[in-house]
Each structure stands twice: as C-alpha cells, then as structure tokens.
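These notes open a run of structures that come right after.
Here come two complexes built around chain A, the first alongside chain B, the second alongside chain C.
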Partner chain A sequence: MNLIATEEGPRTLQISVLRHNPQDTESTPHWQTFELEEAQSMTLFIALNEIRQTMEPSLQFDFVCRAGICGSCGMLVNGRPGLACRTLTRNLPDKITLAPLPGFELIGDLSVNTGKWMRGMSEHLETWIHQHNLEQTDIDRLEERMEPELAEKIYELERCIECGCCIAACGTARMREDFIGAAGLNQIARFRLDPRDERTDADFYTLVGDESGVFGCMTLLGCEDYCPKDLPLAAQIAFLRGRMVAASL
Partner chain B sequence: MQIIYTDVLVIGGGLAGQRAAIGARRRGHEAIVLSLVPAKRSHSAAAQGGMQASLGNCLGASGDNEDIHFADTVRGSDWGADQQVVRMFTHIAPKAIRELSAWGVPWNRVQQGTRDITINGQKQRIEESAAAHGLITARNFGGTEKWRACYVSDGTGHAMLYTMSNQAIAAGIPVHDRREALALIHDGERCCGAIVRNLQNGELLAYVAKATCIATGGFGRIYRVSTNAIINEGMGAAIALETGIAQLGNMEAVQFHPTAIVPAGILVTEGCRGDGGLLLDSAGHRFMPDYEPNKMELASRDVVSRRMEQHIAAGHGVKGRFGEHLWLDIRLLGKTHIERNLREVKEICHYFLGIDPVSDLIPVRPAQHYSMGGVRTDHRGQSPQLRGLFAAGEAACWDIHGFNRLGGNSVAETVVAGMVVGDSMADYCDSAEGALQISTTLIEAFGRREQQRLATIANGGSGENAFELTRLMQDTMTENVGIFRHGDKLKHAVDTLATLQQRATNITLRSSARGANPELVAAYRLQRMLKLAQCTAYGALQRTESRGAHYRADYPQRNDGQWLNRTLASWPEADARLPTLGYEKLDIMAMELPPGWRGYGDKDHIAHPDTDLRQREINAALAELGDNADRYQRQRTLMPFNHLLPAHLRGHNERLGDKT
Partner chain C sequence: MPQAMSPWPARMDLLQSLSGLLLVLFIWSHMFFESSILLGEDAMYQVSRMFEGEPFFGKPYPLIVSGVGITIFVLVAVHAILALRKFPGNSRQYRLLHQHMGAIRHPDTTLWYAQVATGFCLFFLIPAHLYTVITQPENIGPYASSDRVWSERFWIVYALLLLTVHAHAAIGMYRLFMKWYAPSGVNAKQTRARMKVAMWCILVFFTVLGSASLLTYMRIGYQHTDSVGERYKPATVQDKGH
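Coming up: the complex of A and B.
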C-alpha cells in the first residue's frame, strides 16, 4: 500500500471507538483507541477493517456495499452522523471518534439495528402503492403512462437509503421514541406524489397527522444537514405539514 | 435448538429472493425470507444502469422485441446459455418490468419531441414520437442491437429493490435478517430447510421447509478486486455444494466489468458508455474503435475488459499510485445529463476520487463483477439432483448468461427468475411430491454437525489467521484466475487453494467474543469460499478453450467441437481436495440460434460439425413455413418454449407498433 507522501510522512491516526457488546453481561460501554498509519485514499471502511484484522478481531460494525448506496454504515464520526464507507480519513483530523448511531437498538460496538426500525416504519406508514386492483394488473399490456418529469420527482424522494442519519440528527427523535422522523415523512411525501397510490390526504393524515408524525417536527433541520443523499427533507416536511393542516380542516 | 416451520424458505433478501417469496405467498403458501442484512441493503440495490426488457418504446428501441433480445443474449453468452431458458427470460422480462411499474418503480419515461444525444463522440438530435410519450424509456448498453436498458436515473437497482421490499412487507412476508444459513438439511434426495445462525447472538436454529430457495447472489469476494458488496461471499452456492449432491454450473465463468474506479473497485455503470461516454488511454486516445470497429465501447463486457487489459499490456495504460489504469470520459455528455441520469456516478466520483466527472476523467480498470455460475437448476429453477432445492438470480445457473452476461440482464433475471421460481415452489408445495415427512432426528443431527464445526474452529487450530488466509485466497484468484488465464497460472492457483484449504482447518481465533463474533464468521465462511474458489480455478484449468469471459491465453479459440458444454461441479466428499467435475452437453440440433460469430470480439473459432447441419435444417423449416408466417410461428417452429412457462405468463407482450 502506498502511503501519503507529505513532508512529514504518513499520519498516525488515533481512532477511538465507543465499544459495548450487549451479548456479554460483563460488558460496559467504554472507549477503545486504536493507532494506525494512514494510507492513500483510506476510508473509514478500510481503516475499521484494518483494525479488526490486525488489532481487535471482535470489533463489530456494518458495511455492505462500501460505495455509499446501501445505507448500512451510518455512525457518528466525530459526533456527526454520516456514512463511514465514503468518509475519507484525509478529510478528518488526526483524532477520530466513532460511535454508534443514537436512536436505534445497539447490536454491538458500531452496529445498530436500523433495519428493524425502518421495517417498523414501513409497516406503520404502509410505504407501498395502495391500489385496489393491483394484483389484477394485466402485465401483457402497455404500462400506464406517466409524465417524465413526475417520474423524476418521485425518484428524487425514492433515493432515501434508510441509513438512519436523519433520525440520529433529529431533536424530536431524541425525545419521542414513536417519531417517524424525516425518513418516514419523506416516504409519505413520496407516495403522496405518486398517482399510482390511491390514498388521499385524509388517509395520510391518519398516519402522520399528530406529534409522532408531521407535527412533531421542530424544524431544527438536522435531518437535511446530515442526509448523505441530500434529500430535500425540510421542504418536504414543510409542504406536508401544510397539506396535513388542510386535510384536518 | 429452536425449529421454525414454513412452506417456503428463501435464503437471500435481494430482488430474486423477495420476488420468489411474493410469488409463493400469492399462491397461498407461507414464506420466510432469510437475509444476512436488512433486505433493502441487499446487493441488488447496487445495480445502477438498467434492466433489459424489450419494450421498444423510445426511438433507439423501436422495432425491438423478444427475438432480438434473445439473439443478443445468446451471442453475449458466447453460445453457452440454455436457449430455451433465454426464450423464457426474454418473453417474461417485459411483463416483469410492467409489474414493477404498477408496483411503484419510477421508471424514466419517454419525453416527446427533440433532444440531443451523444453517439460515437458526436452530438445528434433525435425526435421522440408523441405516441411513446410517458411510456418507459430505455438507454443503450453493451452487446445489444437496441436501446433496451430501462432505467431509473442510475439508481435502477435501488428503486427496484425498495419497491420489491415494500411489496413483500405489504404481503406480510417476514424477513429474518442478520441470519445466515450454514447448511442445508437433506436426506440425500430431498432438501427440507436449513440450519441457520443468528448473527446477533450466535445461536443456531433450524428452519424446516417444503421448498428451499437459494437466492444469495454471487461470490465475487473470492477475488481481491471486485465491484461486489462485501457480503457477496457465495454462501448460498457453497452450502448447496456442501450437500455433496447438488451441482454448481459453469463456476469458471466469471465476469469482469470494464469500469471499476481505481483503486476502490467501485462500479460506475455501463450506462456511462451507453449514454455516449468513451474510453481513453494515457495519450488521451480513444482506443476501442481500433480493436472493435463495430461496437467500439459497447461490445460485450468480456470483450471490452480484455481489450482494455490488452491495451494496458501494450504500454498505453496511465501509470498511477495504484498501478495502471485507463480513463472513462463522460465530460462530453454535459453537466445536465450527468446530474440527471448519472448522479450516483457523480457522487461516487466526488466521495471516493475527489473529482467531478463533468470536468474530470474517471480512472477505471476492469474488476470482478458477476458470477455467471451458480446452483445448476432446470428451467423451473429446481436443482435436478436435490428435490425441494431451488435457486434464483445470480446464485443460480439457470442458465441465461452462459459464459458472459450482458449488462442489464442481471436485474432482469432476478425478477423474472423470482416470478418463475416463486411459482415453481408453489407448484411443488401443492404437489404430492412436495409433502414433507421429516424426523427431528435428522434436523438435530444437522444442527449438531454445524455446532461441532463451529466448536472445532473456536477451540482448536494451530495458529492460522482467518483474515490472512482470506487475503491469500483473494490474491490468488485475482492474480491467477482473472481476465487472461493460462494453464500454468491456473495450476498454481489450484495448488495454492488446496494448501489454503488445508491451512483453513487450522485456524485459531484470537477473540472469543460472545454473540456473532466477526472473526468466527470470517473463519467459517473462508472454508466454504475456498471450495467455490477451487471450483472456479479447477474448472478454468480443465476448460481448454476460450469462451465468453473465460479466456485462456494458451487456448485462445472458442472450441465448439470439444467444449460446447456446461461444467458441473460437485463436492461429494467433504474433505476432498478437489471438486468432481462433469459436463452437460449443449445440443446444437435443438438450438434456435446455432453457434457463429458474436458480431464483436475474435472471429476465429473451431466450429462443431452439427452447426452447418442445424443451420440447413433451420433454413428448410423456415422455407417450408413460407413468407406469411409471423415471427411467433417462425420461432415456435424452430424451438418451442411456451409450454415451459407458468400458465399465467404465456400471453404475448403488447407493444406500441402492434397491428390491432
């Protein structure tokens, strides 16, 4: 591996990981610091694997695509939620702290159960097309047409990767366990936009028309600040709030 | 040990697995999906550029149909595919995409009117018809006659997987994630579920099912440089192999994608070239037309990857910190196009390379990308050797890809195969054959065996390191079983892998962490991956010809006379050094499209005597049919396949230009 050629030579990184293994009754949360030499193009994915392979084989973390598209590796990097796999160490100081995303069940060390949370959100908000005769669609016939621009607008909201960074960055989610967060509200905005979904604003109101939903948002904008996909979350929530107020009248 | 009973057990939560589960569920059977990770994080999400289906809506697609998709796919496979299955696939693909469209995928649509496109380095103005406005559009991809890759920007797999997962949630299908199947339970003839490890707490449990489906994707991680997600370690194919009964097909057929970024090995989509991007060398010269005057950058992936490596070997690579590479140039597509249709590419370039592809060249080199091989199945997706075992998607060798897959045919296969296999499993469960009689003694015996294997790793060994051995395996594969293969290197790989297999039985864990223990996971997966690697290397050593992605520098010709067959690997003795290989002949006399030149790549191949015979037979049959026969009649005369389809998927696909 080639090393960064600076006048001082490669940096030594001090990576402190907040560790805890709930499977082990004797484990308590504690910081453990690892020192490793920085390499060219090193990401936190590369760094954490090097730590596990050469220093601490029990270290738990989640990576799947390691390309910033699957949403598995959300964690707090120096206190801020982000995707570890696409975080280059060269953009970080010598001392790096890594902690699990708050707001989710801890599996161990940096591994949290965002999947369970997101599945619960999907079930609760019914994040699928509601159409009364969906199973009878004749798939031999030409597909239903859609305006090209509308398809692109739906995709804009469909790009959420359920990484959980918006939940970890959310003030309301800290206080209300049942808050569906920006990830959930974005889903409502996405299906509301989709003409294939027959649900009305009144239907959506029953899902998100309270403080666990759109009226729980305090507009602190942490969600949008830390969304790794740059989704327009604040605008969607504001718009949805307006629609839901209208639906409640 | 807890035992969970279900009708259908699907191992793998990607597109293929979830579609198969939905199919079985719709037929009234209980289905459970097992997944290493939350289903929406499966590697299907990484498919970027598109899904092949011959809708024929946009201008570049006009005139497209199943016949052309069929011919492209067979040529792409270098005649290694099962042509009847390719027919099933190309017939169902338009239905699959229309189903997904109804379910919510926001496919990009045709916009009527004029627009500028980039073809062969030049801007061109085209006009889309008003009749096609709002229908699903498509982009150009490699190895195809028509624009056929339907897409959602360059997040196609993500959009498909989310829609599919949401439908599975709507259908109430449980996904047991963070669980890994360690072994298939079987009595020597019938598969009846799996022993499964909970990756949160390390406990073992048994799932007993009438039908079990392997849908775990590919095994790219046996290589060091791969575009695959790190979970793509082929565990589904491996546990099928470890039954000693089920066979794996064409494991030596491994695809290398031309455009992985250097050094991370992350994919940038073929859509870059489909939309008009070019490949340049160290002098900024566009070299592909020199090698492939017909298809240029859009020859099939095996051909483009070989040409790139050939060009680097000839001294035209760009020398960089991480070895040599070439350039992918999409600057000519313009900012608007890139930010709308290639946004993931832009993001990947930004985060991993610190560049903007609107103004900068992208450093690329071919990397392992796809496993054409997998669990061999019949046309309905069932293992011919082990009843009750099914497979779908990349984990399977169904076999529509032969020795090289076309871009966009993999996500198409996942959904199409899921539709077929879901139905097959439902049929099986409904049949007398599907009735399950199983003793708990058998289940417990398999559970004890797996517990014992884990205990052996956890308690014993003589100091070998699981991570280090994994690295050695990956280096061996990348260095010796890559794009250009040679008998000497393959022999070296086979010997090295055999040694590693031996060493992998002596792993000592440094950590005894409670719960899943990532080091233990690495150790037991390595033992299984080594078997897949050996099937790949040994199969490649034995196949003394070049076909599709399998290129032997010492046997550079495709040899239809000797090698028009499918490799079948099994591992009957658990501690054997090598797999047992057999070969399944591909019968030219039953082919709709007899072997010939692909239209790109090398022209010389050794023909089989049946080829001319079959071609004359085809010519005579078509002449007898006369000029009035429509394309369906002509096709039926040559190679009927309709009877192989599930009954509800037999209808003709409607298209814009159809005469009513």
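Coming up: the complex of A and C.
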C-alpha cells in the first residue's frame, strides 16, 4: 500500500463518497468514486472542494472554518469518524471512503444535521447556568472572581466543538438513540464544575442518572479515541459516574 | 427541574461492577489453589482438605465447599442478570452494532464485544462446573478431580471454561479500571496503554497456568483410568514404595 507521495510522482487517490439525497424521492444511497491527483499537504477538505469544483458540483458537504474549530466537517473516513479539514490525505491509503456521520439526520451526501441533535441534547440536559433570582442580577457589577485553575478546567471541557464524532464512534449511541453520549455527559461535567451553576449532584442525577445518561455508557471508549479535540472524555464520564452513584446512595 | 429519578440505575451499575470485581478476585485465587496440582498430588490434597476446614475443625466438612459454590453461583447470577441489560436487545441493535464494529475496527469496542461473547458462553459453562462442586464437594482431590476431568470427560468443559473465563476476567478488570477511574492528564494515554499490557499479561499468565494444571489433571486421570473411584491417600499415610 502506497501511503505517501513517492519520488515517482504524486499518488492518484480514489475517493469513494456515499451519496444520497433524502429530499429526492428517486435517490438511493450509492457509492460514487472520484479520482484525483494528490497534492502536497492535501487535506480531505481540499480534496472534496476539488471534486466539487472540477467533477461533481452537486456534492454536498459542510465546512466553515477549515481549522478544526467549527466542528462542521465530521464524517466517516474509511469507517472512522474524524474531521475532514484536519485529515491529511498522506496519512490515508490510495483508496479512501467517505460516508456521513451515522446517528444524525442526513441532509445530503456527507452533510448531516449535528446542530439539531446537539440542540435537542442541550435542551434535554439544560446546559446553561442555573441560578436563583437570575433576573435580579446586577449586570453592571463585576462577576465574582474564579480561580484560574478552575477556569482552566472549565475551559478544557468547553473546548468541545460538538462535531458529533464521539456520537458516531459510540456503539451504545448507535444501538440506543436516546443515549446522550459523551458530548452530553461532557456538558454535564462542565456545568457541574461551574460555581455559578447552583445545581447539586442530586439535580444532575435527575438529568443523567439513568440508562440514557451516564449509566447507559458501556465504556467502549470510542468517544475518547476519536475526539478530534482530544478531550478527556473517559475520565470525565468515570468521574461523573462516581459522583452520580454517590448522589444516589 | 424534572421529577426525581430512581436510584436503581446507579445501584445496578455499581452492583454489576462490584459483583464482577469479586468474581475476578475469586477466579484468580481459585487458579492458584487449583494449580497446586503442579506442585504434586500431596500439595493439591492439602489444599482441598484446607477448604473443607480440616486444619480448623480436625475433620473435613465438604459442605463448606458447597456453601462457597452456592455463594459463587448467586454472585454469577446477580452479575449475569445485571450484565444482560447491556447486551444488544434485538436484531436491529445487533445489526447496527455489527455495522459499527465492522466499520470502525476499534480495539476497545471489540474488547467489549469479546466480553459479551465470553459472558454468553459462561452462562452455560459455569453452572456445569458449579453443579458438580455443589452436589459432590467430597469429590475434590488429586484422584477424584482427575477422574472427573479424564474419565468423566469434564476436561472439555474445563478447557472451554478456562479460555472464556480468563478472557472475560482480564478484559473485565481493564474495563472496570477505565469505567470508574479512567486516567486523565498528560500521561493518560500511557497509563491506559500500560493497563492494557497488564491485561494481556494477566490473560496469558492465567491461561498458561490453567492449561498446565488441566493437562496435569488429564495425565493423572488417564493414568488412573483403571482405578476410577479410588481416593488419594497422602504420602504420610501411604505405604512406602506404593
């Protein structure tokens, strides 16, 4: 298998895309293969744009930032979830398959509606600061200070870009659609840390203390291994599991 | 705020892990006692008499072994019924899981599936073993056990049990560690990799130890084919040259 461009010249990549347009009643899911010459430092973002510009203008896929920040370009690359903009073709074999992330509503081809899923999760878990008398807060006053170490810890979890890779990598989420996955559990861990959120562990238990929450997790660790932001998801879930067990006793 | 939730999901998760932990500690200890046959028939005889309480009560009480067997059976039943919650529940879930595993080829997801498969086999293999332990506790000894292994063809059950139980136990311990104390920080990946190496080492160690013991019981059983039913007498009781 030729993994990198050699002195013989650039490789010809065969990129097969799983195509389907659910809006079109005539459309059925099928693979379409495109051939293109590999360029230096080519990412899948560059490759897909080249395909769209020169071969198939109707190809649907999402990109915004091109830098692994917006979380729009999550897809299955050779069966494994990842961000197309951060995937260099030189790390892939000659034949590449691209498929939409499973577990999300398909918009078309490689484009899925992660936003809808994330919003549903966010509303279900109430991922915002809960405070009594919030409407009486004096917004002209400076916020209470937070220790930098604590702010760092919150920021670490806040780095989640909601790309959906952890959901697509999770066997539990594939089998059980109501499972909130690592993206949801990470949000609970984040708000649990935040001193501005007045919710207790007993309150959090009412949100994640069942099999659609932390006790549904089977520690398959796909989330940990395929998170493009390298978030400490397994450690957060393990810690949250312990706290939720303590809250139940 | 939503209605208060049942504490049972938390309790069941904890109980599944605790019962699993106890069973792993039991099976690992069991292997050391069982493999005493490698040190000789006398050593195995002493160990089996010890578990019947002879050193403490002056004479053997095989019912103690039955009691331990029943306790283990109850633990296995509790562990199994709790673990069943996590098995795929219908053909749709199996199809989705197989699709997912085939595409992602993720080692830890495969490890979990190995636990599902070995766990399923253990539903049948453990009762077969425990039934004889509970109902015939007096028939545990260098000759009695070897006769059972060879002449009663129990080596088939034990060989399958050996392979499945140690895979299930070693993988289970690694997964327990990741479930309740997944490492974090800069060394997280390294710690997890070390835990996985430890898992494989433990799996190989107990499989080799168990296989060596089983082969020894098979050899003794084969040599004892003509005297099935005869019970072992320790060297201190046997006539010299016997």
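Just so we're on the same page, the second predicted complex is superposed on the first by the 243 of 249 C-alpha atoms of A that agree within 3 Å, B and C clash if a C-alpha of one lies under 4 Å from a C-alpha of the other, contacts with A are read in each partner's own complex, and residues count from 1 in each chain.
Rule of thumb we're sticking to: a residue touches a chain if its C-beta (ideal position, glycine included) is under 8 Å from a C-beta of that chain, and two chains touch if they have at least 3 such contacts.
Every value quoted in this text rests on a predicted model; they were computed, and no experiment measured them.
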{"item": "Three-chain arrangement built on chain A, chain B and chain C clash or fit", "value": "fit"}
{"item": "Vertex chain A; arms to chain B and chain C (CA centroids, nearest 10 degrees)", "value": "160"}
{"item": "First (chain B), second (chain C), both or neither touched by A:G242", "value": "second"}
{"item": "Touching partner for A:E152 - first (chain B), second (chain C), both, neither", "value": "first"}
{"item": "First, second, both or neither for A:P232, with chain B first and chain C second", "value": "second"}
{"item": "First, second, both or neither for A:I161, with chain B first and chain C second", "value": "first"}
{"item": "Dominant toucher of chain A (residue count), chain B or chain C", "value": "B"}
{"item": "Partner chain(s) touched by A:M218 [first = chain B, second = chain C, both, neither]", "value": "second"}
{"item": "Touched partner set for A:T127, first chain B, second chain C, both or neither", "value": "first"}
{"item": "Nearest Cα pair across chain B and chain C, whole Å", "value": "11"}
{"item": "Intersection of chain A interface sets (partners chain B, chain C)", "value": "none"}
{"item": "Interfacial residue positions of chain B with respect to chain A in the complex", "value": "26, 37-43, 45-46, 55, 94-99, 101-104, 106-111, 133-137, 152-153, 155, 158-159, 162-163, 165-167, 169-170, 175, 177-178, 200-202, 229-231, 263-264, 266-267, 321-322, 340, 344, 347-348, 351-352, 354, 467-468, 509-511, 513-519, 651-656"}
{"item": "Complex contact set, residues of chain A against chain B", "value": "2, 21, 23-24, 40-41, 43, 52-54, 56-60, 62-72, 86, 88, 107-108, 114-116, 118-119, 122-123, 126-129, 131, 134-135, 137, 139-148, 151-152, 154-155, 158-159, 161-162, 194, 196-197"}
{"item": "Contact footprint of chain A on chain C as seen in their complex", "value": "1-7, 9-14, 85-86, 88, 93, 96-97, 99-106, 108-109, 112, 175, 178-185, 188"}
{"item": "Footprint of chain C on chain A - complex, ascending", "value": "76, 79-81, 102, 169, 171, 174-176, 202-203, 205-207, 209-211, 215, 218-222, 224-226, 232, 234-238, 241-242, 244-245, 247-249"}
